[in-house]
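In this document, chain identifiers A, B, C, D, E, F, G and H correspond to the written order of the chains, with residue numbering beginning at 1 in each.
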Amino acid sequence: MQPDDIKNVLDAVRRKTMSIDAAMARLKSLPFEDIGFATLDHHRTLRKGFPEVIWGEGKTAPQIITIITNMLRRKHPILVTRVDAAKAARIKKALPALTYHPASRLLSLRQGRALNRGRGTILVVSAGTSDIPVAEEALVTASLMGNTVDHLYDVGVAGIHRLMEQKEKLFSAAVLIVVAGMEGALPSVIGGMVDKPVIAVPTSTGYGTGFGGIAALLSMLNSCASGLAVVNIDNGFGAGYIASLINRL
Amino acid sequence: MQPDDIKNVLDAVRRKTMSIDAAMARLKSLPFEDIGFATLDHHRTLRKGFPEVIWGEGKTAPQIITIITNMLRRKHPILVTRVDAAKAARIKKALPALTYHPASRLLSLRQGRALNRGRGTILVVSAGTSDIPVAEEALVTASLMGNTVDHLYDVGVAGIHRLMEQKEKLFSAAVLIVVAGMEGALPSVIGGMVDKPVIAVPTSTGYGTGFGGIAALLSMLNSCASGLAVVNIDNGFGAGYIASLINRL
Amino acid sequence: MQPDDIKNVLDAVRRKTMSIDAAMARLKSLPFEDIGFATLDHHRTLRKGFPEVIWGEGKTAPQIITIITNMLRRKHPILVTRVDAAKAARIKKALPALTYHPASRLLSLRQGRALNRGRGTILVVSAGTSDIPVAEEALVTASLMGNTVDHLYDVGVAGIHRLMEQKEKLFSAAVLIVVAGMEGALPSVIGGMVDKPVIAVPTSTGYGTGFGGIAALLSMLNSCASGLAVVNIDNGFGAGYIASLINRL
Amino acid sequence: MQPDDIKNVLDAVRRKTMSIDAAMARLKSLPFEDIGFATLDHHRTLRKGFPEVIWGEGKTAPQIITIITNMLRRKHPILVTRVDAAKAARIKKALPALTYHPASRLLSLRQGRALNRGRGTILVVSAGTSDIPVAEEALVTASLMGNTVDHLYDVGVAGIHRLMEQKEKLFSAAVLIVVAGMEGALPSVIGGMVDKPVIAVPTSTGYGTGFGGIAALLSMLNSCASGLAVVNIDNGFGAGYIASLINRL
Amino acid sequence: MQPDDIKNVLDAVRRKTMSIDAAMARLKSLPFEDIGFATLDHHRTLRKGFPEVIWGEGKTAPQIITIITNMLRRKHPILVTRVDAAKAARIKKALPALTYHPASRLLSLRQGRALNRGRGTILVVSAGTSDIPVAEEALVTASLMGNTVDHLYDVGVAGIHRLMEQKEKLFSAAVLIVVAGMEGALPSVIGGMVDKPVIAVPTSTGYGTGFGGIAALLSMLNSCASGLAVVNIDNGFGAGYIASLINRL
Amino acid sequence: MQPDDIKNVLDAVRRKTMSIDAAMARLKSLPFEDIGFATLDHHRTLRKGFPEVIWGEGKTAPQIITIITNMLRRKHPILVTRVDAAKAARIKKALPALTYHPASRLLSLRQGRALNRGRGTILVVSAGTSDIPVAEEALVTASLMGNTVDHLYDVGVAGIHRLMEQKEKLFSAAVLIVVAGMEGALPSVIGGMVDKPVIAVPTSTGYGTGFGGIAALLSMLNSCASGLAVVNIDNGFGAGYIASLINRL
Amino acid sequence: MQPDDIKNVLDAVRRKTMSIDAAMARLKSLPFEDIGFATLDHHRTLRKGFPEVIWGEGKTAPQIITIITNMLRRKHPILVTRVDAAKAARIKKALPALTYHPASRLLSLRQGRALNRGRGTILVVSAGTSDIPVAEEALVTASLMGNTVDHLYDVGVAGIHRLMEQKEKLFSAAVLIVVAGMEGALPSVIGGMVDKPVIAVPTSTGYGTGFGGIAALLSMLNSCASGLAVVNIDNGFGAGYIASLINRL
Amino acid sequence: MQPDDIKNVLDAVRRKTMSIDAAMARLKSLPFEDIGFATLDHHRTLRKGFPEVIWGEGKTAPQIITIITNMLRRKHPILVTRVDAAKAARIKKALPALTYHPASRLLSLRQGRALNRGRGTILVVSAGTSDIPVAEEALVTASLMGNTVDHLYDVGVAGIHRLMEQKEKLFSAAVLIVVAGMEGALPSVIGGMVDKPVIAVPTSTGYGTGFGGIAALLSMLNSCASGLAVVNIDNGFGAGYIASLINRL
């Protein structure tokens, strides 16, 4: 219920075309409408071209097909995360317009008018080759959300010169997503070089005391460089999402 | 060593006023100058009015006074973090122009032209009253870095209606810093309501299995809401800093 | 040995039909009988229609069939937890009267007179769709224990309005079981809204720093809302059981 | 704003004693009132004689005096937790009607008509003498919330016979709060004996691998007995609160 | 109530000097006595010369004095653990017969006939000098419980030859208590040499990743040598107690 | 080299049938023989009938067959731990005299004269049915090491009366091995009842915050009962081994 | 760009066969070359015969074949870590000159002139037979890097005499790599005996509270012996690598 | 007992000036001497000028004075670690020749001939100013052990250019000790640049999820750079010691 709706009710009451009881009944539904983020949220999504994101893990192929089919009618862009190749194949059989990204295990569909909502470039940097799947999840997410994206892979701190050679790319990005496993030092080094926000993503790459990404996570949370914030281990999607929110400001 | 310096060396070589060996020796120092973030970094700080931040913990009052005195000459804004009241008093005796913020234990000095670099408002939200010192650290940092700031305190999820009443404020911010201890649920709830980046700050408020902020940190890293990134426990300064970088884009 | 038995012994001693030594021997067995919760417990179960619960994990189908067959003779309701579909199929082949609940992996049989022992409604709330198996385990347990049950699924804090729209349901329950994984914030939000006891159930839903439910567990233990108590990760049965004890008071 | 208030506004609009704009302005505050847990909550507190609880840790004596003074006007019962003896003395100097409970560090004031809202007895059991402060916090909270309370202290499992001798007391309670540090086994043993809900409270009593209450907490969460739920380490207040909600059903 | 008491009741019933109701009333207390670990325990203590142990931490000097005074009447040996020097001085002023052991912070009194219940020698071995307080707690406990004790201090694995030179002492002990902090390797080395039970006691000696004794504890639990069992960190008393039980067999 | 060997060398030197250099060469090997636990150890094993224990995990069937074949020649009793059924079948094909214990996954062979080295009975107690494999590992180990053994299974604290009824058995054992998973409370309860050494064995039985046996381990290390020591999680063999050393004293 | 290249540019400038602008353009790439660890690193590898190490985990056989083929052209020695037998077989089919080390899962190729760069012997010691794969990874790495290597396996502290008999070997090594799982005590014992650097390698051998190598790691970090440093759990390659750097000094 | 002593015994036997029994008695002490690390160790210390190191924590000033006085007689260099200023003052009063290093809390005395045993330079690098005390502990230790030492402080990764400017110093060191707290990234960056062994020292500098040095420790253990080994948190002495062993090779 929008402000005009309320006004209309009041007008009708004044004009006595609506009884007070009927007005009361109408206003009774206000609590729903009044908080109303659901509706607003819904509209915002349509309006802004942000994907409705489907968490693919633990959903069957038919369940995902049903959800996507509903969303396609509303011309939403589609993003499904954590879909393995076999499930993706079953879904694509039903919905061949979808694109599957095997490295990042994402299924996506760009529809509606072409969007380019972000103003700068979101640069996704990864430390090692085994961090690339998470980096790709961030990259595809940010791209589908309408951003210009670029990447710089395999520039970890064990060979710091590889990073130094790419200073131009680092300096020209508006937002940086830095993905690293093992000791997770790369976001600290980059955070000390650039003056843009850095979203650090720890990955579960490593073994032994890497503890499935905890060593990298702690490195990033305790970074001596300013201008970093961190998302959950392996959460490439989350990094791509907040980087997009930042780039849209 | 700047491009012109290199050109001068080459010129001298061509004009044979400098031997090849001497030129080699001059160019040998290139690696230093060439990377040269130090200098760039240094200039950038002066140019952008970003405070040089002094970590006050573990430094004596005389040490801090010496550092500030040096910085004052270059007309830098000053920000010193984690200074207790006694130490602050000793410093202010020598440098009375400084402002002490007792809640956040910050010492600051705004100098040079008034800056308003951030474009939107940075809103600092805290869950409980005991989270306010960390929230204030973020607020003062963001303010000193040239942003319009606002705050919303004591709106934790135990009384969710207090938050709901403030939707306007939440919706009109450009960047949100959400500070919470105990179960750390507030950033998730706010992250589900707004479409702006949320920087979540866990605090060490709580007891028992709060583990000095770890429960809150884990809550924030595992948030089911998108658009959140997290900084270290009690790191109000870090949150204010990255929020400023975001707001400047 | 019951009070009357003791009296009989004393009578026999008085009437000298039993020697003091024989009486001493009879009374010697008192410690066993005297504590005697086993028997009481046993009777209580029959009397109160509470299911004998069989932990299905690590037991073979034949073992479970044997146990159930014994219990069926005593007209007990049956509840077997953590039974996978294959094992359930083998058991149902032998005991077709049982009902299998695939989502919660429970096997149950309601027998004896219809019971409605709980006075209010136990409402089971879940944050996400992947928390539903644990929620169902709670729901089926509480239902089999004779309670009116209801549920509210997929109302997590990332879309707080979904919860707000269901306030009536929340407010009319006598006991609430709130099931959540990831950041586990939902019980805190609900605990701040209702004035009834909330049993919080963390689930192992999530990844990375969710640590298999620990993040959610810590959130719940550190809740800033009053009126919550917590059970083990994924322990839907335990939540259903204590909620039933509460609802029977 | 209550239903009658809305009706009055509508009446005034109908009678044209209030303009539509003025009505709009009045109704604009509806969202606040409409969600209205604040108000409801507020009324409910007055109505139900439940104490407004003040977390005393980290508040100064003057701050606490101010809050209490405001609450006294509304005839609320008062409960302040975690107040050390020195602070309590300063507060009592200003507000001599308050009672200080040194063991549990609570300050309380019973005012308004005598309440006896809980129907059964809440029994607080503690394992060791060093668990008594937490047990007392639970006891005083439950008592102030209008319950008949009883206790059983120093009956830990190292001398299980002490517990066995008190079976009558255990069996006659409506709700049990069981407080234990060290290995935290007591709630499991009691949970296996009674058929009433048991709220288990781990305490930080112990040393070494007790880890400040974690050993006890894990014991309680993993109890092989059914009918237990757990609150945070040392959270006697929380246990007393939920036990009161349970006892009021 | 002892066997003779029961017999007396039965006799009185037989002789009709006691009514059946009065006998019932007397026997009503039987369940208590019947389980009777308390009583047995109590007698056993007197009979076996085992000290009643008082946990001194968290008790005031007057409380400890009262407890000891009661025990002295029953001619019990006295052992109070974890008493600091100041508290010990206050207690000794009232009870000068007590002995204070400053290294182990124990207060003890040997009374009744001299006991020598253990058959072999209990050897207490410590790795470093800073482990001696815990070692002494074990030594004094075992001695007071009537054992022949010996010790071997500062023979840690960093200088394995010091241990090798003492093989005779190691080989002639009946039970060994091995106390070590830091890496806690000593019990493994000794456990591989002797064919007697080894009670391993981790201490909180160390820093950094010693984690207050956890590193040593884990070393001991994971020992590749057979014949070891472990007690809590710094629990010298517990080691002395179980070693005494073993030595008495 | 034994004392007689040294004497022979000295004799030969004296009789000049051996040069000083040759004697030096022979004595040079003294360090080996001199420390000589290896030899002593070896002899001790033969003499005392203690099994040579083979850790079966990570060894192939042929490797185990080779080791056993060597040991059989020396008439050693055989004990192989952690052998799964398939591997055991392959080994038994080659060595049919071995006995396989499927519950505890042990392979054993009793050879040489019948031994009954332990003086009392070692009682193995388990809390739940899923703890039985670990309990059996302890039982078979202690039995093969020449002890009279007995057991008491499924007497966990959730039904404390089951334990109370078996007091006679508990009181008559010389050493008790108490095996428990989940909350691990059983050793504390038994430790409070008996005056014999209790070896507590945590098992990995449980889920969620049981953390694969850590909850049970912590319970046992923090037991409020005296007379307990603990071995590693699931280490039934280790418990059986130290209990045998204790029972032989 | 190497020193000679710079000289050539300067020469050309001096001889005026290259314009200053062209020289500037050439030198513009200096930042890259100037930092130039990549190039130096590259040359160093060729020059020093150190293997280019390929992390085999997570790479497919074709990917590894491609990388090796490129490296073979440059006459590099080859070392691929963490290759399982099946993948190794596929790679060896294409590149039969490679050697596969099944215990350590390494693939290697020694090419170029025979190197013997290390001056002393690197001795690899392992505590148990299950630690041998990690020990072999260290051994093969150090050998391929041009060192004389030796080993001493299965000399864990449970039979300390086995180690004592090998003192000569221990004392004659220049660098020692000591590999141990379970309680990880061996490096401490050896570190107390030798006066050479000891690289300690914890392995994930063990169960229960071994926590996949953490118990061993903590033992090593907290060693009471001086002269130890530690690498990650199961990181045999890392130990072999740093030992080689040390031995080359 | 040294080889010559054995020869003398044998000679005496041959010459019959010593009976076989007397010879046996003399050789009986061989086991001690034979293992004899103590003696060897003792001689080695004198011979090699390595300091006897005294762990100062937990020792009183008089205890330390006694130990030093004994060592002074043997002309040992003295090193006492972890001595606070007050205790140092008391010791220096008695032994004024000692030098106190306030930053590293070391007490030292260089005596005997000037030693310069290490061949290259040991470079101590620290990330931040608060890591300097630990760095100094390493520096003083290595210096006292006879090495040429150098340092490079405050070159953490937040300003990577500071490090890049010092490549010459990094490249010319024989062994590097790299000290860092917070995220501990510096050793990884340096390890990727140099081809010399790097001893990484985590410090407890930091807050929140730095966990007193654990974040830094994990970073270092999981370094993606080769050629690193790690010592305990804040263990500057241990790093200086092993670096000295390496530099002496």
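Details
Heads up, the rule we're going with is that a contact is a pair of C-beta atoms (placed from the backbone, for glycine too) under 8 Å apart; a residue touches a chain by one contact, two chains touch by 3 or more.
Because the structure is predicted, anything quoted here is derived from the model rather than measured.
In terms of residue-numbered contacts, C-D and G-H present the same interface, as over half of their contact pairs agree; the other options in G-H, A-C or B-D do not.
Each chain gets a centre from the mean of its Cα atoms; the one farthest from the centre of chain H is C. Among the remaining chains, the Cα-based centre furthest from that of chain D is the centre of G.
If you compare E-G with E-F, the chain pair joined by more contacting C-beta pairs is E-G.
Averaging C-alpha coordinates per chain places the centre of chain A 51 Å away from that of chain H. Rounded to a whole number, the gap between the C-alpha centres of chain F and chain G is 39 angstrom. Note: centroid distance chain A to chain F, computed from Cα atoms, is 56 Å.
For chain E, residues touching at least two other chains, in rising order: 31, 35-37, 159-160, 164, 192-193, 208-210, 214, 217, 221-222, 226, 232-233.
Every pair of chains meeting the contact definition is listed here: A-B, A-C, A-D, A-G, A-H, B-C, B-D, B-G, B-H, C-D, C-E, C-F, D-E, D-F, E-F, E-G, E-H, F-G, F-H, G-H. The part of chain B that touches chain D in the complex is made up of residues 129-130, 159-162, 164-165, 167, 207-210.
On the chain H side of its complex with chain A, the touching residues are 127-128, 156-160, 164, 182-185, 188-189, 191-193, 206, 208-211, 214-216, 218-226.
On the side of chain G, the complex with chain B involves touching residues 3, 6-7, 10-11, 13-14, 16, 20, 23-24, 27, 30-31, 34-35.
Interface residues of chain D facing chain C in the complex, by the touch rule stated above, are 35, 37, 44, 48, 50, 53, 119-120, 164, 174-175, 193, 195-199, 217, 221-222, 226-233, 237-239, 241-242, 245-247, 249. For chain E in complex with chain D, the residues that touch the partner chain are 31-32, 35-38, 41, 55, 57-59, 202, 204, 212-214, 217, 232-235.
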